[in-house]
Amino acid sequence: MKRYDLIVVGAGPAGLSAAIEAARCGMKVAVFDENAKPGGQLFKQIHKFFGSKEHQAKIRGYKIGETLLAEADEAGVEVFLNATVAGIYLDKEVLVQIGEAMTHFKADTIIISTGAAENMVTFDGWTLPGVIGAGAAQTMMNLHGIKPGQRVLMLGSGNVGLVVSFQLMQAGCEVVALVDAAPRIGGYGVHAAKIARCGVPFYLSHTITKADGTDCVTGVTIAEFDEHFAPIPGTQKHFDVDTICLAVGLSPMSQLLKMAGCTMVDDPKRGGQVPLVSENGETSIPGLFAAGDVSGIEEASSAMIGGRMSGLAAAAYLGFLSESDKEKRLADLEVALNSLHQGMFAPGSKGKTVAKTDEGIAVSQSLLKKGYLEDTDLERFVHRSNQTDKNSGIHPVIECTQNIPCNPCQDACTKGCIKVGKTITALPQIDDASSCTGCGMCIAACSGQAIFLVDEDYAPGFASITLPYEFLPLPQKGEQGTALSRSGQPLGIAEIIDVRNAKAFDHTPLVTIKVPAGQAMTARFYQPTTQAMEQ
Amino acid sequence: MKRISDHPILGEPEKGQLVSFFMDGKPMEGFAGEPIAVALKAAGVMVHRYTHKAHEPRGIFCAIGRCTDCVMIVDGVPNIRTCITPLVSGMRVQTQDGVTALEVSE
Amino acid sequence: MKSINDRSRNIGSFVSQLDDTIIICRCEEITKGEIRQAIHDGMFTVNEIRRYLRAGMGLCQGQTCGKLVKYLIARELGVIPDQLDPATSRSPMRPVEMKVLGNEEVTHV
Amino acid sequence: MSKHSDVIIIGGGIIGNATAYYLAKKGVSVTVLEASKDIGIGGSSRNGGGVRQSGRDTRELPLAMWGIKNLWPGLSEELGVDVEYTQKGNLRLGKTEAHQKILQGLTDKAVACGLDVRMINGDEIRAINPYLSDEVTCASWCPTDGHANPLTATLGYYKKARELGVRFITEAPCFELRKIKGAIRQVVTPDAIYEADKVLVAAGFDSRKILATVGIDVPMMPLKMECLVTEAEPPMFLQMLGTADADFYGHQSKHGSFVFGGSSGFEHLNKDNGTPISSSIGASCTCRGIIKYFPALVDAKIVRAWAGWLDDCADHVPVISPVEEVPGLYIACAFSGHGFGIAPAVGYNVAEMIADGHSTIDLSALRYDRFKPKQ
């Protein structure tokens, strides 16, 4: 029997983090993952992460995955790929399919970090080829370099639905609409705004009534639903699409824990069947831990901290870490985790309607229902927006209006223009006294792409707006296209006056457009002329 | 074009060697090592199988080997999850009908 | 006694619905109507629905439909889904060929 | 709702459900108490589905033969559920001279009881089932044996009994039987005390604990067995299979899946965590066993393996019996891993025993007080 101090099942963010911590404590650690590539969902996450520096904020998911792998390697963790755990048996025995054979392993501690599976919804035609999970779309485009389809309708406005919609557009697909049965957008407003300004319409309180097609999807019909989930006559809308993408939540993939005999609970707040766990992820079976989405759906940043906590707890359980060191290090991690668990998207706020920000500002209803801020919202939120008398050249405009755990903008500005403060869910504030140099680091650092550099008097009668542009082809200086509003409406001609793509921006090129001065606070995106013609 | 030749974040996708395989007897091309389903997708194949009871088409659904909707007959063996099975040069892939190969008129 | 334990309790008679033809279990092609009918036949748990109809017994072993079936039962019985257990978890977690499953290192006693 | 009925059946497995159904048909009011959350969660839904006569002890053979003749053929129609009864024979396979001897002994006894069963050689075996490997050299062949779907049969009886007004209560474990004035009267569960004139204990291995509360013992032990099931495969064969060594048994279901039971040799020693769980070696071992008999199945995928406890009797034969010492008490347990095939016949005859005081088949050889010490 091959024996390890710790066996980790699942090489995603939680599992790798757990393995690294445990191995650094001197444990002999094996990680099994059924996939050909480690990293779990991290390698499908091409957006920049939220959080603060300690959560690896503003780093793209796949880069975090690469870092974790390097760290695991350095710590001496043995990662087995294409290694499918068939079952967990008594005495912490794990049967693993590796290649064409089954191998028995035993461990003194086990950490299960198998992640989550996508939920599904049913509708007429949902089994047709072309109806896919959002995870499938991510896998196809970000791992295998293939478009899931040309014209896509997304169902689900949680962060997954929003992020994947944006990724679909980055991959060159057209997203025709984003639909959700809920009356409000579930994910971060900044994610929604990125999509809305590309012109994607949001349909809330809507759901799919039918997918058309014989051998594959050729179209989709949606309708608005009343409070009894009955379609309201006359609200049907039809779209010609070849792909319908479902992003309707995740469920913990906790079958292994159940098989192992852990006490399970059904907790809707954590996404379904989860093991009963202690603060550090220990289940009802001593020495068996759960970390990451398998013990409750959150995002990768929390999963990494949870993984580290269970790794340390496993080390302490076997005496590789003293109790006092364990307590100290867990306390630090607790603080890091708590900082993510603040604000209006905290696990405790799930399902609640938040009317005001922590600062007491009324939340934009337009953002929640249509995915973009109305001009009237700006006065409440956007600093300097109504201080045209004070404009003295270029300055950041931060359209970040919800309390999400994120603060890279603060560190990005070397001039100290931007302040978030200690609580990373606080809304960023702009310090008027500091002078913006227009370096653009704040734009590139903003995971929500919610920062713009505006110069109201770039030229007589013209303003310049610098915006993040993560699409191909990259516009060229001098070309002319269309300025789009926050809702993606064409405002008029925009000229590209600068394109910057520094390495420090990490694949977030900054495009500066010249628009009539009156559009300084309305133009937020650029559409090349060729694209407009294609449509 | 279904394949992403250049990506704003990821750049050009890393691919293996271009190889040929057979789909219901017809020669097709794909990159060695990528999932069979990806090669089929690139070639425009949407239907992987027809169901046993209702003879309904199915294709890629979860793309991670979990839902088993994309199964096909590969080198004579049925129920192969094409979304996680790497393409190998010369592979014979067939549309599955229930648990057997779909009869294809040449 | 908990609400679903008395199997003779009245949950009303089966009334067909427009969307009864929608597939719930993709692998075994079990429809919403079949599952609703089975609940009215007395199958009040996810395990019983599995065994009675094969919903969740196909190649994916209920990984896609498990939650859907649970919610259907809950709705039909008028209980909250958390009160229902999911199907029993069994190895192997993924389908595995007999030649592979049988190919393990054996230490003969 | 009333806590009283004519008969209480302890155990919502196929024996309890079938008896409840046949009692209800006679107009008897019945309450079935099931300890777990699910109907048919024990051995009833964890067996290989054999409906066979060959290989059985002569004491239970008449019950098996009667059930196959009178009940199984019309069961799907009667229950309104497809129990997938398939009567295409049973091959009990052997590879060695020792196997041949075991099979010959069983065959001789069954023939003496009037069963159509005979020994056949390798060529005859492969004429019946061409997929069997050359290693198989002998078999007993009983053409009237077969198999059915234990899941739908168990739940079919439940469904039909429920339709006839039988009351089923789940999560109602019986922890005590109580006599009133010398006769059985009460069944105590955590939530309620149920009353009846007659009580049938059909609770698998739990029966022993329950019967002990009125001072009755059935010498049996829980024995863990493991099964596995493949993905659906194209139709290959219809026979029920077993082996002289009992290293595997099983069949291909109507749906196309193969259902196999097997043995790793450790079943009598297997531990568990309070619920019957698969061991880490069982499924692999069974796969190796099957491949030796069926090389064609090497690529078939196992989608699920499970374990279950059977109630293994001291003499491996069931106890089906009234308990005169405790008037009104009846026992149907200790089926020792071969109860499914005879379940309809048991239910029918026990219903007669309870309702009419006598049964069609003489069950006196299966009495609870048959166990005597060695001389």
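In order of appearance the chains are A, B, C and D, and numbering begins at 1 in each one.
Following the convention adopted for this analysis, contacts are C-beta pairs under 8 Å (C-beta built on N, C-alpha and C of every residue); 3 or more make two chains touch, one makes a residue touch a chain.
Keep in mind that this is a model prediction, so the values were computed, not measured.
Between the interfaces C-D and B-D, more contacting C-beta pairs are found at C-D.
Among the chains in view, C has its Cα centre nearest the centre of the complete protein Cα set. Centres computed as Cα averages put subunit C at a distance of 23 Å from subunit D.
Between subunit B and subunit D, the centres computed from C-alpha atoms are 44 Å apart. Mean C-alpha positions place subunit A and subunit D at a centre distance of 53 Å. Between subunit A and subunit B, the centres computed from C-alpha atoms are 29 Å apart.
Among all residues of subunit B, those that touch two or more other chains are 52, 56, 58, 61-62, 65-67, 69, 79.
Taken residue by residue, subunit A touches two or more other chains at 34, 87, 95, 102, 104, 117, 127, 259, whereas all remaining positions touch fewer.
Counting partner chains per residue, subunit C shows two or more touched chains at residues 26, 58-59, 63-64, 88, 90-92, 94-96, 99, 101, 103-104. Chain contact topology: the protein chains form a complete graph, every chain touching every other one. Here subunit C touches subunit B in the complex through residues 26-27, 29, 58-60, 63-64, 94-95, going by the rule given at the top. Residues 52, 77-79, 99-100 of subunit B are the ones touching subunit D in the complex. On the side of subunit D, the complex with subunit B involves touching residues 231-234, 256, 299, 301.
Across the complex, subunit A meets subunit D through its residues 87, 89-90, 93, 95, 102, 104, 259, 261. For subunit A in complex with subunit C, the touching residues are 1, 34, 84-87, 95, 97, 100-104, 117, 119-120, 122-124, 126-127, 251, 255-256, 258-259, 266-268, 272-273.
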